[in-house]
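Presented sequentially are two complexes of chain A, the first with chain B as partner and the second with chain C.
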Partner chain A sequence: MSPDTWLEELSHELTARGLPAIDVAGIVVELHGHLAEAGGTPLGTFGPPAAYAGQLAASLRPRPQPRSSAPSVAGSRRRAGRLRIRAEGVTLAYRRRPVLHGVDLAVRAGELVLLTGRNGVGKSTLLRVVAGLAVPQRGRVTVHGSVGYAPQSGGLVEHLRPAEHFVLFGRPRGLDGDRARRSGARLAEQLGWDALAAPVVGELSGGTRQKLNVVLAGLGDPDVLLLDEPYQGLDLDSTRRFWDLVWAWRDARRAVLVVSHARDALGRVDQVVELQAPVAA
Partner chain B sequence: MSATGGRGVGRDLGDAAVAGRMTLRGLLRRRTSLALLVALPLAFYLARQQQVGQSIRFLALGLAWAVSTAAFFAAAAARDVERRLTLSGWSWWSLVAGRIGALLALGATLSGGYLLLVAVDQPVRDLGGVGIDLATTTVLAVLVGSFLGVVARRELEGALGLFIVSGLQFTADPPSTLARVLPFWSTRELGTYAIDGPSFGSLSDGLLHAAATALVLLLAVTVLSRRALDGGARSRASPLAAR
Partner chain C sequence: MVEVNVPSAWLRGILDLCLLALVASGEAYGYELMRRLEGSGIGPVPGGSLYPALLRLEEQGLLAADWRAGDGGPGRKYYALTPEGRRQLDVEADTWRHFSGALQGLLTGVGAGTP
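What follows is the complex of A and B.
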């Protein structure tokens, strides 16, 4: 069975199970990308379309435990604690091209904020400014507490294994080699990934690299988590696990700032900040 | 403020050892690159193997080229991850010291192997002098590569910079001013001392040039690495205010 035929049959099966057309389309696009990246046949990877559609439909049904779903904005505001991130009037230009203009942002402990907007409006740049990796020409950024940062790409050593990354990233957060490996493996397991058996980073798929980036950001329980397109390239099950992990961090009073332009993220966060493109001078 | 930013020196040294070990692991897993690293000085040596003096001079320049290239690519590859690690709490000093230490260890192993080769394959007048030549060349090569790794924004730019430095050192007339301002002038001078004797090359001039070059490069690497890596930590420690 060709991948196109498999995806078409899956689409019919999902529609027959009552999933909205827009969700079905999103699933098909995502699986198409996943198959192109990971290789292999859809039948070998996911099994028969009907059976996989059944699994997907079951996993996408509303979850019985309210703890696993994002509370309303008002609910989160009640629970949110001290201010962890404050950005005021952040302005940054790159080679005279305005990227950010007068941007304000506030994220509190126990709050999950989505930073969204069109491509090129400066979402990742703002995250880098908050992380201290880029310096704005104007404005003020204050971050209280330790920071875990997951970049959209890069930030890893191609010839080191994930377990060796855990040792490097865990060390400044007070984790010795064994504890760092155990903590990293535990976080990776929450994303459905056996990190200790993984080869060097250069041999990992794009989605698995993003899982590693997320794990490294969360290692040692930092107060502030900055995640740039963290589930880009992740399959559906891993995406669901990712949100479970992020909600757990939020519930543990961490301040979490997620950059994404994925539509499904809108309903999963406490607050949405949409960046607008700055007007050129 | 100290280079360690007020942290314990012992802890920073421990961190540097971990960073160095990880750098070495990463380098040793690049089997093909490692084989080419060994092959480059060997090819230069074998091309002039029949001439005692020229074979050793070319070996040393090949070693300079190979080790500086390895140091440059190690620094360029580490740029993103080192910034991320300083954000996680590493001191910039530990990361840079660990990386440079790992490359020095790799270079020392390489130059030690080649010294052994020269000892069994060439009737050298002063083997100790050759050892000094290869050792200083290794140290300078690590620092030249690390310097280019911190100033060149892209790999191609840095690689071309290396070609210019190493190529010019090959072609420039040793007594000329141009040859003397290049970083590997001492390689040639110390080689001549070891091969032809003190009447033709000066040990003290060679060592002085190597020490001065190493000092300048080390200072530049330190200042530029701190500027590149320490920004994130500073802005988090206190509110970042610009105008």
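What follows is the complex of A and C.
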């Protein structure tokens, strides 16, 4: 790996960890100067860019960042409000294969919760249960307030444009065509995407479809947002914008439940719930 | 100077104190600090731990950074001790003296005279 490639990767990694551009630039210039004077390869001197970015970011962590990072769990507990999602003992099996077993979950207004766990532990299924799209065999789920749900994939109509989706999805949430288009376009803009100019869904990339699903979930300002792997295919800039949007929702007292197995999500939420695989019956 | 192999865990524990002490004797930039640490006999500091430590000390307000134009290069980041850094250094230096005195006591007679 050439020094330039290494520095470039480091800069991407630092940006992805939410460091301000000015800090990233300072670090890159300082390390560049070090390498120029000391010789040696960046990999040998500093190690792999991702790991080193993690170390550098950890050094900056205590900095109070009111808007660009999630507050501590203690802080958010103080600000969290009424219970929006409560799941108790949720148990669900597909053809006798256990998917969820006795799962409990509580998410309050103003709280951002990450649902994580290995592949196949039922994260998406639990989200569908909370969204009312799957019915557990045992246990109880209560949701207080309106719900916006972004599935991991699907849920879109291939031959309709995003603007037409806004109208379609806005109607059941009490938005007329104009307001639906406006608020959809505004949300999309926050993700760095010009949705009104976009072609039909069938011609959109995977990442843009995900943006559309997130926008549709946010239409009409629902009290509860359920987002399933919402930024897996997004580029770095879009990922940052995604988190900014999610934090804004949380700050506006919404309850936000995000499913992801991206490790960078861990430091960006108020609470992490890790699902364990149920023991086979 | 006798060549000693300082365990890296020790170095990790005292790197911040070493950096404060070095900067107290004159402002310096990263690579310069690394060379001065080596020259002091503390041993080579892995580059991987130097800059995170400097960043942390700057973040805690113990060091202040200043960018200066370099010779043709994009500039160097010089670190200097802040008044708070000076206080922290004084406190930690006292703690260290106490600690190393106690350790010295524990080690009395141990390994002395082994070739």
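Please note the rule applied: the second predicted complex is superposed on the first by the 216 of 281 C-alpha atoms of A that agree within 3 Å, B and C clash if a C-alpha of one lies under 4 Å from a C-alpha of the other, contacts with A are read in each partner's own complex, and residues count from 1 in each chain.
Here is the rule we go by: contacts are C-beta pairs under 8 Å (C-beta built on N, C-alpha and C of every residue); 3 or more make two chains touch, one makes a residue touch a chain.
For clarity, every value in this text was computed on a predicted model and none was experimentally measured.
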item	value
Contacts of A:Y149 with chain B and chain C, given as first, second, both or neither	first
Which of chain B and chain C A:I27 touches, first, second, both or neither	second
Partner chain(s) touched by A:V246 [first = chain B, second = chain C, both, neither]	neither
Touching partner for A:E158 - first (chain B), second (chain C), both, neither	first
First, second, both or neither for A:L105, with chain B first and chain C second	neither
Chain B versus chain C as contact partner of A:V167, first or second or both or neither	first
Touched partner set for A:G47, first chain B, second chain C, both or neither	second
Between chain B and chain C, more extensive residue contact with chain A	B
Chain C-touching residues of chain A, taken from the complex the two chains share	26-27, 29-34, 36-38, 40, 45-47, 52, 55-56, 58-60, 62-63
Chain B-touching residues of chain A, taken from the complex the two chains share	131-133, 135-143, 146-149, 151, 154-160, 164, 167-169, 171-173, 200, 216, 220
Chain A-facing residues of chain C, complex	29-31, 34, 47-49, 51-53, 55-56, 59-60, 67, 70, 73-77
Complex interface listing, chain B residues touching chain A	15, 18-19, 22, 25-27, 29-30, 77-78, 80-81, 83-85, 87-90, 231-236, 239-243
